[in-house]
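Reading through the structure tokens given below for one structure.
As written, the chains take the letters A, B and C, and residue 1 is the first residue of each chain.
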Amino acid sequence: MKIAVCIKRVPDSETRVKIAADGKTLDEAGVKFIVNPYDEFALEEALRRKEQAGSGEVVVVSLGPAAAQETIRAALAIGADSGVLLQADRVPADGLEVARALAAELKDGGFDLILFGKVAIDDSNHQVGPMVAELLGLPCVTAITHLELGAGQGTAEREVEGGIEVVEFPFPAVLTTDKGLNEPRLPSLKGIMAAKKKPLAVKPITLPAGSIEVLAMLPPPDRKAGKIVGEGGAAVPELVRLLREEAKVL
Amino acid sequence: MAPKFQGVDFYEVDGLLSEDERAVRDTVRAWVDDNLIPIIGTQYSAGRFPKQLIPAMAELGLFGANLPETYGCAGLNNVAYGLIMQELERGDSGVRSFASVQGALVMFPIHEFGSEDQKRRWLPQMASGQVIGCFGLTEPDYGSNPAGLITTAKPAPGGEGWVLNGTKMWITNGSTAQIAIVWAKTGALDDPGSIRGFLVPTDAKGFTAKDQTGKLSLRASDTSELVLEDVRVSKDALLPKSEGLKSPLSCLTAARYGIAWGAVGAAMACYDEALQYAKARVMFGKPIAGFQLQQARLVEMLSEITKAQLLCLQLGRLKDQGQATPQQVSLAKRNNVSMATDVAREARRLLGANGILAEYQAMRHLANLESVYTYEGTHDVHTLILGQEITGLNAFA
Amino acid sequence: MTSVLAVLEQRDGALRGVSHEVVTAARRLADALGGTVEALLLAPRPDVKGVDALGRFGADKVTVLHHATVFARYAPEACARAVTTRATGGKHAAVLLAASATGRDLAPRVAAQLGVPLASDAIDLSADGDALVVTRPVYAGKALLKIKMTARPAVVSLRPSVFTPVERPKAGTLETPSLASGDSGRVVVREVKAAPAGSLDVGEAPIVVSGGRGLKEPANFKVLEDLARAFGGRAAVGASRAVVDAGWRPHADQVGQTGKTVSPTLYIAVGISGAIQHLAGMRTAKVIVAINRDKDAPIFKVADYGIVGDLFEVVPKLTEEIKKLDG
């Protein structure tokens, strides 16, 4: 099985977001970067499928700045066989441009599966995986929480409102992964050492700016200070009155 | 539910680490957060070493991490090894002690003083956690003065092998270990030059290990007394390159190096907990973090941790260059453990009444660090080691 | 005359509520551009319940494209192709979809096929000359990004429960063509299994009652289910990460950074301390109520109204009072 896993270097989910002086981007001072948590499910799935098949190759691909090499190394430490960094200092806000660059790299790879995390926790865009699938003309299932593979075709499950869709698809295919698909493994220290010897190709690219322009990054609107209505069950009638007459939500 | 530990790094020490070293640190950090921290309060209260974590620790590669890959070890450098100890002790000193003993006090001497056969026989199994070891040097009457030890190893009557007699005390992992490295005198009792190391299977006839009870410190660790009564071992049990007191002392230096880092981890845990608590705990209408006395406490903690971090890093770099001296290790162990006990105590006080509960870390670390202050060379012994080093005058006795 | 294409959703023969939000947003945008709203619904049959009301929310024209087998369930490739076919030619300034589970799957396919970008999970939408200005949350809601989209059409998915449906009646002329091709595509939805328990999804319910570790045991969630029921089918029960990780509640109910981000009209946090990651999931709720016995719990800082007390005493009392309201 030859599987590609696309990963993204993102700020840690516990980061306190500070807006940079340009008013449009994140201030990266003191920010810790990690592998996008949803991509970890993708990587874990790829490794399990390769292990189950008994042979195969897992290639990790990432688009990002030079520092993303460390992110790829982390994936190599977890068990991927090789990595490719499409090195771009400026990553456009337009996900379609990112998808085009990734699709060009993945096109001739002969992959049976191309896996993405369903969404990156920084831009929350939910789009690059399925866009790559479209550009490559491949079938795609998004946000999978369960996967079974047969010969040349597979079945996946995904959560929808009030239900679970059971979806069948042929290979080769693009899948995006959601929490619940598996339990990602930690790298072993030996894996960290072995990662140093695995191939990591760095390919500098420049992406077009695309047609999304960032006008501003803003803090979320402040909520007005609230009030404690009272204590215990006795405060309930007053709460209900306020919700009705003041907040007007009942 | 505590937020995940974000690290303490006021002076950007992370930038001085290599990518691998950071990756090792981050991996162990995540493992400790997920597997050790959630259970350690109850294990400590119950006085139990969390044995169930041994397979996971082994799989991660924590045992003998700085020993070569040829023997199934991770082959990391000493800075990475130190970072492992730092993160483990951020969890608990007792659990870090387990790893220190396994790696620096058993696997290290086998690697350093053992024959190729012994290395191949024991090291891979110890790296994988299948065999646990312990280090038998200290005796009931010989702690700070190991040269005076009275455990003997006499040639076995009628030919091959040795017969060992003696008692060892304060032996971490003693009751769990399958193998004990016992240091014994092969010659006269007043001849420390005759000290040699022996690999003793703990199921040998005449060998008993019994846990010491009533501990108020290092409760999540097995501390045992070993009794050897005419224990017979084959001639292959001798670690052939061990020679005199300097052999066990070099093991201690290896362990002390890890402990210098570990103490920083414990201090970081206490500082981080105190800081989060101070920001959330409201008294007199504002968080206690806004009061001068608590700020002073926190600043003092941060200063000491920052200094100790830099101390460890340079020591690790020297060690990787093959240049670290035992006295340099003494300075780091002495300084870092001492500052960590202070940090733990001040953190405990900042936490107020909550600070006496096992739910919080400070008091557990405080109690543990008292042992760490005393073992592997007491604070005072290291003072004299350094005093002798700088003045040339022996003030031991 | 420019127009905005609103892509709607149906399930089991009835229009999904979120579709009113999409039409409302489309109407607002179309008014700003001086244009029309075309609503497109892909359905197994032409007679979908609720379609006749779409004019009320501002649709000038409604197309129900139907095919009994292809559109029996969501068909990613056939649906994408149908929307793309409709949107090709640049006659629309924008194509709007709900950022529902289906919309999240469909929108990127449509955008890529049209060769235009996609703005996901928008919470605000306006026109700037020929371009679209979209505001969307990033970093798990810790910041908002304001972007300008100059491509035509701009494809935008809308965060559910943000674009409150507003009636602005238009003709709503209905046409019901049938889909010519019988090809569902390579990706086939075989079935939709029922999710365990609750019918109303936490991500779309106007009222969410969420519980945390303060509930002490999984069985105690019953007091929240009782409260949710008292709201007469408008409320869903959510959960903090702690209780989902502990296995008390399913992941689909989790509100927070690694669960769902919700924007209900009313969010009631019961026995939830208010860790940052949870707040990230519900801070955009219109009104937040917190019930917790610890008056220093961080949740009270974000709540509009709070009651300090034992939730086992307060919640049943609240359920009683809510029941009295509707009568």
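Basically, a residue touches a chain if its C-beta (ideal position, glycine included) is under 8 Å from a C-beta of that chain, and two chains touch if they have at least 3 such contacts.
Owing to the predicted nature of the structure, the values given are computational and were not obtained by experimental measurement.
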item	value
Dominant chain pairing [most C-beta pairs in contact]	A-C
Central subunit by CA centre of mass proxy	A
Chain A and chain C, separation of their C-alpha mean positions in angstrom	21
Distance from chain B to chain A - Cα centre to Cα centre, in angstrom	39
Gap in Å, rounded to a whole number, between the CA centres of chain C and chain B	54
Residues of chain B touching at least two other chains	3
Residues of chain A engaged with two or more neighbouring chains	14
Two or more partner chains touched - positions in chain C	276
Chain C contact footprint on chain A (complex, rising order)	11, 13-17, 19, 26, 37, 93-96, 99, 121-131, 133-135, 139-143, 155, 157-170, 179-180, 210-220, 223-224, 226-233, 235-237, 239-240, 242-244, 247, 249-250
Parts of chain C lying in touch with chain A, wherever the complex brings them together	73-74, 76-77, 80, 99-102, 104-105, 107-109, 111-113, 115-121, 133, 135-151, 157, 185-195, 198-201, 203-204, 251-252, 257-258, 265-266, 276-277, 283-284, 286-289, 295, 300-310, 313-314, 317-318, 321-322, 325
Residue numbers on chain B that touch chain A, as the complex places them	3-4, 6-7, 19-20, 22-24, 27-28, 30-31, 59-62, 65, 69, 74-76, 80, 84
Residues of chain C that touch chain B when the two form their complex	213, 242, 275-276, 296, 298
Of chain B, residues touching chain C in the complex	1, 3, 280-282
